[in-house]
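Supplied in structure tokens, the structure appears directly below.
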């Protein structure tokens, strides 16, 4: 069973997705059963995988596709970091989405693609070579597009078209880079320290081109400036989708890809020698500041969160590009932390929109009195983002800062501090309005979703769960089971032994 | 059965079936046709299996060896194309009768005549894939061309007949050029057998003129830009099952013949820049076909123009004349055959169910026909060359070849073509997914029967699976690689 | 120049004239006739080649090819004419 | 030798009839006149040519075949002429 | 080559080209068809000059005769009323005209250069055919090639022929041509006289094809001519395509041919490898089948499918 396990992890959600497609709208119970069953099953399979990898077991599934090109699934510790995050958040998001989409049309289609999308993410995480990574990377584009345009409105279609244009072009660049590398050196199997064989004899010029193609390809999904244009318009998607895109699947896949390409394809030493890391770090820093600045100007909550995502995801890229073990730990752990915090914020935004019809920061006045639990979660997430100790965001930023010093690149600390200040500048007003301003006479579009609670439990519980998780990961970062510990394990075992 | 006999059966059985289907009362034809399809398809797959196991198979008809006699030859390429035809034919046999019953605009007896005509077409395709003799291939081309025109005319409306007439005139003209080329080759070499001709031909005036004429003739039939103008009308106005046959299979037959003639006869004597011209035309076709497809307002015209674009990919091999590109080209022919057949059948279903084929009126159609639009999406994935489809594998190989040769314009064209394909396929899906829920639409109501919806889905799935099982066709193909490419 | 070569050249001229007519003439019936003349030109080339060298027996293979070609051509022409008639009747509003 | 000479004369005479018939076909004013010229000339012309060829053929079998050809062509020509004439009359009456 | 024959050949070739030009440039469709028929007859003469009597026979019968009849019948149908045929746009602009002219000229030059550059003596398969005639089922080389050495081509050609009928019928029936001459008593008289001759000469041509020019195609065309005359005179009636027997007869040649091919295959000898001694008989059987089929096919292509209902009208 061992070698089939990675495939099984992917198939669980993929088959569930296909099965859900065939369901009729009214087959509500069956759809929920399939959704949750697959999510729980997947999470437990990932648990088995996690334990195995922790003990140093090797899992590897391969299927030859063409001569010298195979589909290879080989989960390493880094893969597990991403995989566990996605499996866990999928379960939570599924529950949330069931509550969120109650009574809306085309639910079978929605949940079908939702499951497929998570399969693609799992594939990206476990990809053992560049081709496999490319395959699942493109599949992710395909399966998320229907989710982005799910509402079918003119705005949604427009957002979807932009999303496609960006990601398909990114995929095309990645495709060329991948084929190029395969043509020159044969199969590119992810290897810590670089996949290029000794004495590959490639000129720096060629390597720079390839690095550019690969990184630009993943950079689109990572929303690296100037490739970030799709993300704010993709906001038209339903809240669970935004949550998934921002916290789990798409942008994370991009950031994860950056790490893979730097550390497992080029090898960090070569990447540094080519100057790739410097360029990347500068771009990441620019993105961090640019995203924050733009977020300041947004009144729409989801758009503000979207620009915040652009900014926050680049912490991961920055951590990876600083070239140093501690910075890398900071970047990797932010993959998880940002996921938890951002999903909290999106769930809150969804709750506000569904329950009160609140879409804008300016409408938040007194929301804390009407929906205290939701706003508590929002506050936790926002403060975490700002980097207030002992929340999760603080841990990431702390490691990044120390890492910058260790790498002798102290100037990044300036970026981090500035970014934190900007974070505070766009989050604190929202929190202030929610708690300290009086509520309006009527909410824009209030709906009674629950008689006893502030909103439907299906919406509330997942929100509280992820908020709690982001608190706990910060509080107990030092515990051996924390994401931080796992990130350190990755860095120690693989990249900076 | 002797494996060599299979080759003969593969041509004669569909011929015999065509005659039987013509004689049989109209009420019997569907059952007989389906039975015949099953038989022919099994023979084709059996032959592919034999070739995979034992390598190429040759048979001299009447035991008269070439140069006097006629040879049929099944190598990896033939086996793959035969198998493709069989794999398209099987779902089609389920879909076509259901389609003709439902479609009122088609001629009343179109369903009855579809079977004998399609069997003739199948015989011609098999013959062309197996032909080892230039003149025999001419007869095959005429058989295929006439059957194709008659199939288009089954559409019945004026537009279909006009397209059929134009198709007929151009197909005949193409055959004439081909025959003229063959005449010159016979004058130069005194033989008609492909292999023998390849072994003895010299680069003189006659052989160059012959190459030019044969290539032009076959290009017209394959509809490479700038000879594509007949294709969109013919493919778009034909009945949907016929469009699937024409776009998926028929244009490939003349392409395969061109491939053989080019690489087995002429490549050894050197072609100069001629291959470059074909490659450049291929690029032009990709761009122009895609741009036209984007402008179309009718779904079947869009799909037909997509064929023009996708055929362009096939011709890149002539400029990137290496083994990898050859494999990529053939793989592309296979995956396009499956995907395009699926797409045309699905398009036909959409027209049947909605009563129109206007793209901008498709709003919300995906909700009514989820399975059909899922098929469109799956087939689209293969046409766009997105993983893990057959189209992806094909583009992978072609890209490898282009990069290996340092031919960057081709790299850009191959990838750009994918993006352009996305540019015309996604809007189709977007329109279908757009729009809010229509309360009048009863949930779960079936607008189309299973016989209509599942065959295209099967084809699209096969196109997708081809990407995961690309090694199988590749290993078949390695047995039939032209010597000049090895 | 011998007689057979002369006729092959005549065949070439026929093919060229017919090519011109095929693309410059407008009525489908004329274009069909042009194709038939082109076919005759090609057959002439084939048979001329078979007889090119005086004193030898004519090569029967091109003869057989031309016979086949004639039948194929007439089949295609006949079908084309039926198609044309069908179109004309559609144009007249008959069924 | 005499036979050959006779044959040549016969064929030559036949050809003159053909030429005359053709001229008539081209120059006469209306359909009936043209038919008149054509059939008369052709029947006799072909007869003379056939006779000449029969002399050259040198066997009764060939001569018989040529006779048959002549008779058949005459029958066909006559019928065709009658049809064309009938057709033209019908056209005129319309 | 003596001066007279040289002059004759030159004249023949030039008039052929001239006639083709006139045909294609003729101002009226009727004129074009008539000239095309004349062109076909002249072609037949050229074939005879080129020692190709088989082709001369076929050209006169099929190329000129049958095609001409088909063209005339179609024209009669087309000229009834305003029928909105898809007439192509005329070529506009001198540039297009020039390009087209250059293409035609280019084709001619290309062919001329190629033909003049051919090896002499040209390679030929004649040397392959003649020694094998003893083993073949026919002693006339062309028939041997058509029905033995390259019988596969011929089989498929018959398939094309049947396909043409199927294709034509798939378009539905079209009206009986030339109703105006139906019933001419003179014509009926002629047909009554000619019919036995036609059948006789068809049989003769088939039999002769085994050792001399002639064969199924020529014979079939003679039969077809007889059939078309029957239809024209009103003595015969177009056949009823709805009746399976007619369709079976139309397909009979193909059935026999594929039957022989598959039979020889099943007997283990390889397709179309006639067992020793049976070659002549099998070829004769095929030829008879082909004659019937070809005759019927041409009639069917001329008359179109008539269904019983229309016939009664």
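Chains: A, B, C, D and E, in written order; residue numbering restarts at 1 for each.
What we mean here is this: a residue touches a chain if its C-beta (ideal position, glycine included) is under 8 Å from a C-beta of that chain, and two chains touch if they have at least 3 such contacts.
In this text the structure is predicted, and so the values were computed from the model without any measurement.
Contact with both subunit D and subunit E is made by no chain of the assembly. Each step here moves to a touching chain, and the least such steps from subunit A to subunit B number 1. Looking at subunit A and subunit C, the chains in contact with each of them are B.
Chain centres defined as mean CA positions place B nearest to the mean of all protein CA atoms. Counting C-beta pairs in contact across C-E and across B-E shows that the higher total falls to C-E. Centre-to-centre, using mean CA coordinates, subunit B is 28 Å away from subunit C. Chain geometry summary: the mean Cα position of subunit A and that of subunit E are 73 Å apart.
Note on chain placement: the centre of subunit A and the centre of subunit D lie 97 Å apart, centres being C-alpha means. Annotation for subunit C: residues touching 2 or more other chains are 15, 28, 31-32, 45, 49, 52, 61, 65, 68, 72, 75-76, 79, 83-84, 86-87, 91.
The residues of subunit B that reach two or more other chains are 68, 135, 139, 142, 146, 149-150, 153, 162, 165, 180, 184, 187, listed in rising order. Among the residues of subunit E, those touching two or more other chains are numbered 86, 111, 115-116, 118, 122, 124-125, 129, 149-150, 153, 157, 160, 163-164, 167, 171-172.
A list of each chain pair in contact follows: A-B, B-C, B-E, C-E, D-E. Residues of subunit C touching subunit B in their complex: 15, 22, 28, 31-32, 35, 38-39, 42, 45-46, 49, 52, 61-62, 65, 68-69, 72, 75-76, 79-80, 83-84, 86-87, 90-91. Contacts from subunit A toward subunit B in the complex involve residues 21, 24-26, 63-67, 69, 71, 105-106, 109, 134-135, 138-139, 141-142, 145-146, 149, 151-153, 157, 160-161, 164, 168-169, 171-172, 175-176, 179-180, 182-183. Within the complex formed with subunit A, the residues of subunit B that make contact are 364, 366-367, 370, 374, 381, 386-388, 392-393, 395-397, 399-400, 403-404, 411, 415-416, 418-419, 422, 426, 430, 433-437, 443-444, 467-468, 470-471, 474.
Those residues of subunit E that touch subunit D in the shared complex are 180-181, 184, 186-187, 189-190, 193-194, 197. Residues of subunit C touching subunit E in their complex: 2-21, 23-34, 36-37, 40-41, 43-45, 47-53, 56-61, 63-68, 70-79, 81-89, 91-92, 95.
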